Each structure stands twice: as C-alpha cells, then as structure tokens.
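What follows is subunit A paired twice: with subunit B in the first complex and subunit C in the second.
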Partner chain A sequence: MEKELTMPKLRPEMKDGVLCAWLKEEGDMVTAGEPLFEIETDKVVNQIEATESGVLKKQLFEEGDTVDVEAPVAILETK
Partner chain B sequence: MRTIVNSSHDPFYNQAFEEFVFQTFPEDDLFFLWQNSPAVVVGCYQNICREVSVPALRRLGIPIVRRSSGGGTVYHDLGNVNYTFLVKRDGPVDYDRCLMPMVEALNAIGVPARKNRSCDIAIGEQKISGSAQRVSGGRILQHGTLLFQSDLTALDQITTHHKNDCIQSKGIASAICPVTNIRAHLTQDMTLDAFQARLLAQLVPMDAQPLTLTAAQEEAVRRLRDEKYRSWAWTWGKTPAFQYEKEGLFAGVPIRVTYAAKKGILSDVSVDCAALDSKDAARLLEGARLDPEGLAAVCHTLAGEQGDMLLEYLL
Partner chain C sequence: MEKKPEWLKVRYNQDAVNEVAALMRDLKLNTVCKEANCPNLGECYRKHTSTFMILGSVCTRNCRFCNVTTGHPLPPDPEEPMHVAQAAKRLGLRHVVLTCSTRDDLPDGGAEQFAKTVRAIREVCPGTTVETLISDMQMNTDALDVVIAAHPEVLNHNVETVKELQAAVRPKAGYERSLAVLRYCKEKDPTLLTKTGFMVGLGETDEQIDRLMDDILATGCDILTIGQYLQPSPKHYPLARYATPEDFARYKELALSKGFRHVASAPLARSSYKAWEVLEDTHDLY
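On to the complex of A and B.
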C-alpha cells in the first residue's frame, strides 16, 4: 500500500517549511520511528520520522525546496 | 533541571559536547552555559559563502563551525555566553517554554531584557540574544547566545558587511539585527563570571548535583569533534547547491569567475582573465572541493604571490 508523508504543521502559525535533507534514498528500507527527512522552519531543525515501516518509494521534493504545510513530501510503500 | 559542566572554549568540541549530551542523557532536563573562543557559527543548512567572507576569516584565523540547529550565522567570542536547554518535547514546537524562563532569569539578576520576535531577547530594540532549536527523537535542544561584553565591531564586520551577492542558492539566509551588550545596560555592574554564576543559580536549583562526563565520555566527545564537526563533509559538504558568479579586477585586468557547486563539489568552472591561464584554472578547479585551504593552494599554483587575491574571486 502507498502512504504519503506530508510536511507537518509544527506550530499553529506555520505556513511552510524548507525540506533540508533526505536521510533516506529512494528504494531504502525504513522502519517506523526512523528519521526520514529533516525540515527547517523558524530556526528549528526538525527530524521527521517514518510513521510506518516500508520502502521509500518516491522523494517528491529536492533538498532546499520550500514546501507548504500538509503537502505530500514522500511516498512510502508499506505492506 | 540539572546542569553539566563544560569549561572548554574550543568551538568544535563544544558543538560535539552539546550533541553528545543531547543523545546520552535522554532522561534528564539539562541547562548549561558555555563559551567559544572567536568563531563564526553557522546554521545547519546555511550557505557559508553567502553569509561571510571566507577569505577574510581565513586571514584572521577565525574558524567556521556548522551547528546542528537551524537559523542564521553568529559570531562568538569570549565576551559572549551561550546557553543550552535539553528538554523533553511536549506538544507543538515552541520557543517560549525555554525562552521565557531565560528572560525571567535575566530580569531577576538586573538585566532589563524582554522577548523580541519569536526567539530573540532584546534590551529596548537592540538584540542581546538569538536562539535556535533542533528537535529529534521526542527531545528539544534549544540554545542561544547572550552578548555580555562581546567585540561588537568585530561581530558587525564579520556577520553583516560581507554578505556575498555572487551566489544564487537555496538554503537558510540570516537576519541582520542591531545588537548591544548586556553589560552596558546594568544598573549595578558585574563581571562575566558573576553574570554566569547568577544566571545558572536562577535556572538550576542549588541542590541539584551537576553532571560531569567521565574520561571515556570526554574521549567520545573528542572523537565526535574530529570525525564530524571538524570534517569537511559536515562543514562544507552540507552546503546547499548554488550557482556562483563574480566579476572584478585582478592584477589590473578584468576577471570573471563562474561555477556551480553541489554537495560541496565545484563543476562548470570558468575563470576568464587575461592575467591567468584559463585552461589550467578550469582543469585544477573542476571537481575541486569547496574548501578554503584547498582552493587557496590552487590559487597559489595559478597566481603565485597573488594567490590570496585570486581566492577573493573564488569564494
């Protein structure tokens, strides 16, 4: 099953965040709780962890891109 | 809340110390103060070349350190005091949970400070403190500067006068704010040592036994310093991809340098200048690392005694 991971809203006033780094490449296995990417907003660097285990199927943005809150960032193939 | 002692002034060690403690003591809420000898400290995802003049810092012998939190570029010296909170995360990302106790502690020891913008502390309209966070594994690292008696002339020269507009880059840019030193605003003067002691006493209960690292843990911090914070891969390899273009006069004739850099590696290099062998330049720079010492060596090969001047056109 495909599952989307979105840009989280970390604070009520947050509108977007910078996707700073991918910590996994496409095709990598990811276990739930493992950090998948890092975002920065308002001087906070935040590690975003996978909510489920699976394979990182698609990175939807490049490092350095600004992404709107709740927009899909990654597609995870879960069992 | 407990404290942990770190008396090192080595800016690379201190970044490693903070990361090590963040990862090693997940059960404790910690607060500690620390100081760096003169250094430029950049945010986790900043483009160093855009924020400061790398050749100027190289001449001054001031190191550049990349930290693990977000935000902008700051200059540290021994007139500045840094603080770090390491706490559990509960709820949305929020600065006030650590920022407000800091403002209250400053007020309690006679500093007329107030919160400004989302995560600064100011006296009047002038900034005395900036802060940034890293959130990982359900824990928050929040740290900040406290300008007590810093060299504000040096700070201004280094962090505001050398923004590099030759660079097209993603990544996080710094904000520029007017700053002041805390010591200039005290009704009753105190030394930097007294300031630190009184601040610590406000934020950590007197009866809480301070943590200290064992010799083996200190060794692990030094290893992290050498393998991560002093490494090219961390400091320069993490530079966001950018396009560079700079024109001017070198050895009395026009020069134009362009290149692209991705993951800290130069490509599409062009050095157009009648005083230099452009083919040699492109050959030596293509695929070179974005590294001040390595590029300085190439510049000396290409331009001999004028190598340092040439470096000004490369970074």
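On to the complex of A and C.
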C-alpha cells in the first residue's frame, strides 16, 4: 500500500520549509522512527522521522527545494 | 540563513507530537515548547514530557530573544490549575515544570495562579515534584511569597544573559532585579532549590560570563542551565555566534568549579530540558 509522507508544520506560523537533505535513497528500507529527511528552520535542522515502516518508493522533491506545509514529500510502500 | 552546525540537529516525529498537542488542545493548555518554538519539542513530546505555560500564551513584555507573542493577555483561566494537573496525570509526569507568560497586567503577576496550580498537582498527582519557572513578578515580594508558600521543589527564574546585554535583550526586565528575585526566594525559604539559566550567542564575552556566574552564585543559587541562543526569526535579536560543544563543556567546568551544585550546559540545554534528571542529581538537597 502506498502512503504519502507530508511536510510537517513545525511551528504555528510555518507556511513552507526547505528540504535540505534526504537521509534515505529511493528503494531503501525505512523503519518507523528512522529519520528520512531534514528540514531547516530558523533555529535548527529537524530530522523528520518516518511514521511508518516500508520502502521509500519516491522522493517527490530535491534537496534545496521549498515545500509547502502538508504537501506530500515522499511516497512509502508499506505492507 | 547561516548554515547550522552539526550539533544543532534534532529529531521530529509527527505522530508523537500530534498526541501531546491533542491532549493540550483538549484541556485548553499552552506549552512553552510550542509558544517558544523550542527545538527540543520533538524529543520531549515523544517522551511525553512538556513544560506547561500557564496564564495564557500572550506576554506583556517584549524580550527580543523570545518567540512568545507580545500583547494584551486574557484574565487567568480558573480551570487552568486543575487542567494542568489532569494533563500531568495523563502524561504520567514524575516532575512537572510550570512556566508562564509575564503578566505585568496582574497585581500579583500571576503568583496565585502558580500557587493554585502547584496545589492542584499535589492533589491529583501525589509524589510528583514541581518546578516553577517564574517571571520576575516585578520583584513584588508579596507575590513571590505566594509562590514560595506553595513550596515547589525547584524555583527557577532566568537571568537570560550577561549584565551588559540586559537592556538590549530584555528591555522590560533587569539584571539586578532578576538576581534579587533569586536571592529573595532563597533567603525566604532556604529549603527551596533555586535555579537560573542564561543563553550564549548574543554577543557576550567569556569575561562577562565569568562575572555573571559569580553574581548568580552569590544569590545562593543551586542549579544553572546554559544553552545556545537560537534566533527565532530575522526580526529577533541577532545571533552573534554558535558556541561549540567544547565551549559549553568549558562553561560547565567553570561553573562547577565556582560551586554550583548542578550545571546543565549544552547547545540545546534549556531551562526545563531534562529537568527531572537535574532534580535527581540534586536529590540530597531536598
């Protein structure tokens, strides 16, 4: 089953965020709780964890892209 | 935006955050984790820990380092003390940290709400320890007496920065006043553990930090926290530098050598970060 992972809203006024790094490649296995990608905010770099386990099927953005809050960032193939 | 150093990476899990956020929403509570955009929110919420911010999410002061909204707050919510206690119970907290927006609009600065909340926690969660991270309450000793009488295990009030930067960083507060709050509380009830914290990265020098530690210690303060200032937005007070983990280790060593009982010094150390561990480390004092 395909599952979309979205851009989290890291603070109330956040409208978008810069995806600064992918920590997994397409085709990699991902376990729930593992960091999947990084978003830089004013204060820190947030390593966003996968909320489910599966295979990273598709990275929908490239490193350096600005992504709207709640927009799909990745597609995970889950069991 | 300047590139963040490697040591300013934090983990974030949306499901874990949603769970705690929903509880706070249900009970109409605020957390300083959210209002101050704390970098540790993801880690703390995952561990079912948070720091309650009582007296509303709107502050009457305009400190230039702080992300909390400035404005005209609402009157205190009479249900808030019991709601905090219920949330603490649902989260299973062993140690509850209460902080507040600074309420210069209230005659008692919100002291009574603090006391009621401490008492509600004692009633609903027996055995749970409480830490009150208070404003300076304009050094109103009647107000401070109300908080002291509720007898939290830890009374925390942050000096935030060195003497030389106070006016620029926290224009409606003051160095001497914050030190006086710490001194007064300790003298009034020596069994209270007193605690304070400051940030580095605002432009202070090591010599100024050294004097700051001496001034804090002279109030009888037991616990010190030192963390990196992180600029909440380009409109806030400008960041001067990122101190390295080695710098924080050096500050910790210095503070311990001066005589502080416990020191938490790390880039992401915050007043209430791992407050329970800090209290455990000082358990022989209470």
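The working rule: the second predicted complex is superposed on the first by the 78 of 79 C-alpha atoms of A that agree within 3 Å, B and C clash if a C-alpha of one lies under 4 Å from a C-alpha of the other, contacts with A are read in each partner's own complex, and residues count from 1 in each chain.
One rule holds for everything that comes next: a contact is a pair of C-beta atoms (placed from the backbone, for glycine too) under 8 Å apart; a residue touches a chain by one contact, two chains touch by 3 or more.
Values in this document were obtained by computation on a predicted structure and should not be read as measured data.
S.K.: Which holds for A:T51: it touches subunit B only (first), subunit C only (second), both, or neither?
M.R.: Only subunit C is touched by A:T51; subunit B is not.
S.K.: Answer with first, second, both or neither: which of subunit B and subunit C does A:E63 touch in the superposed model?
M.R.: After superposition on chain A, A:E63 lies in contact with subunit B alone.
S.K.: Name the contact category of A:K43: first (subunit B only), second (subunit C only), both, or neither.
M.R.: both
S.K.: Let me test your reading of the model: by the given contact rule, A:P35 touches which partner, first (subunit B), second (subunit C), both or neither?
M.R.: both
S.K.: What is the contact status of A:D16 with respect to subunit B (first) and subunit C (second): first, second, both, or neither?
M.R.: After superposition on chain A, A:D16 lies in contact with neither partner.
S.K.: Touch check for A:E77: first (subunit B), second (subunit C), both, or neither?
M.R.: Neither partner.
S.K.: Following superposition on chain A, which residues of subunit A contact subunit B and also contact subunit C?
M.R.: On subunit A, the residues that contact subunit B in one structure and subunit C in the other are 10-12, 35, 38, 40-47.
S.K.: In the complex formed with subunit C, which residues of subunit A make contact?
M.R.: Of all residues in subunit A, those touching subunit C are 8, 10-12, 33, 35, 38, 40-49, 51.
S.K.: Along subunit B, where are the residues that touch subunit A in the complex?
M.R.: 43-45, 68-72, 92-94, 118-119, 131-137, 169-172, 238, 240-241
S.K.: Touching subunit B in the complex: which residues of subunit A?
M.R.: 10-12, 14, 18, 20-21, 35, 38, 40-47, 63-65
S.K.: Which residues of subunit C touch subunit A in the complex?
M.R.: Listed in rising order, the residues are 1, 4, 8-15, 17, 34, 37, 39, 42, 230-234, 268.
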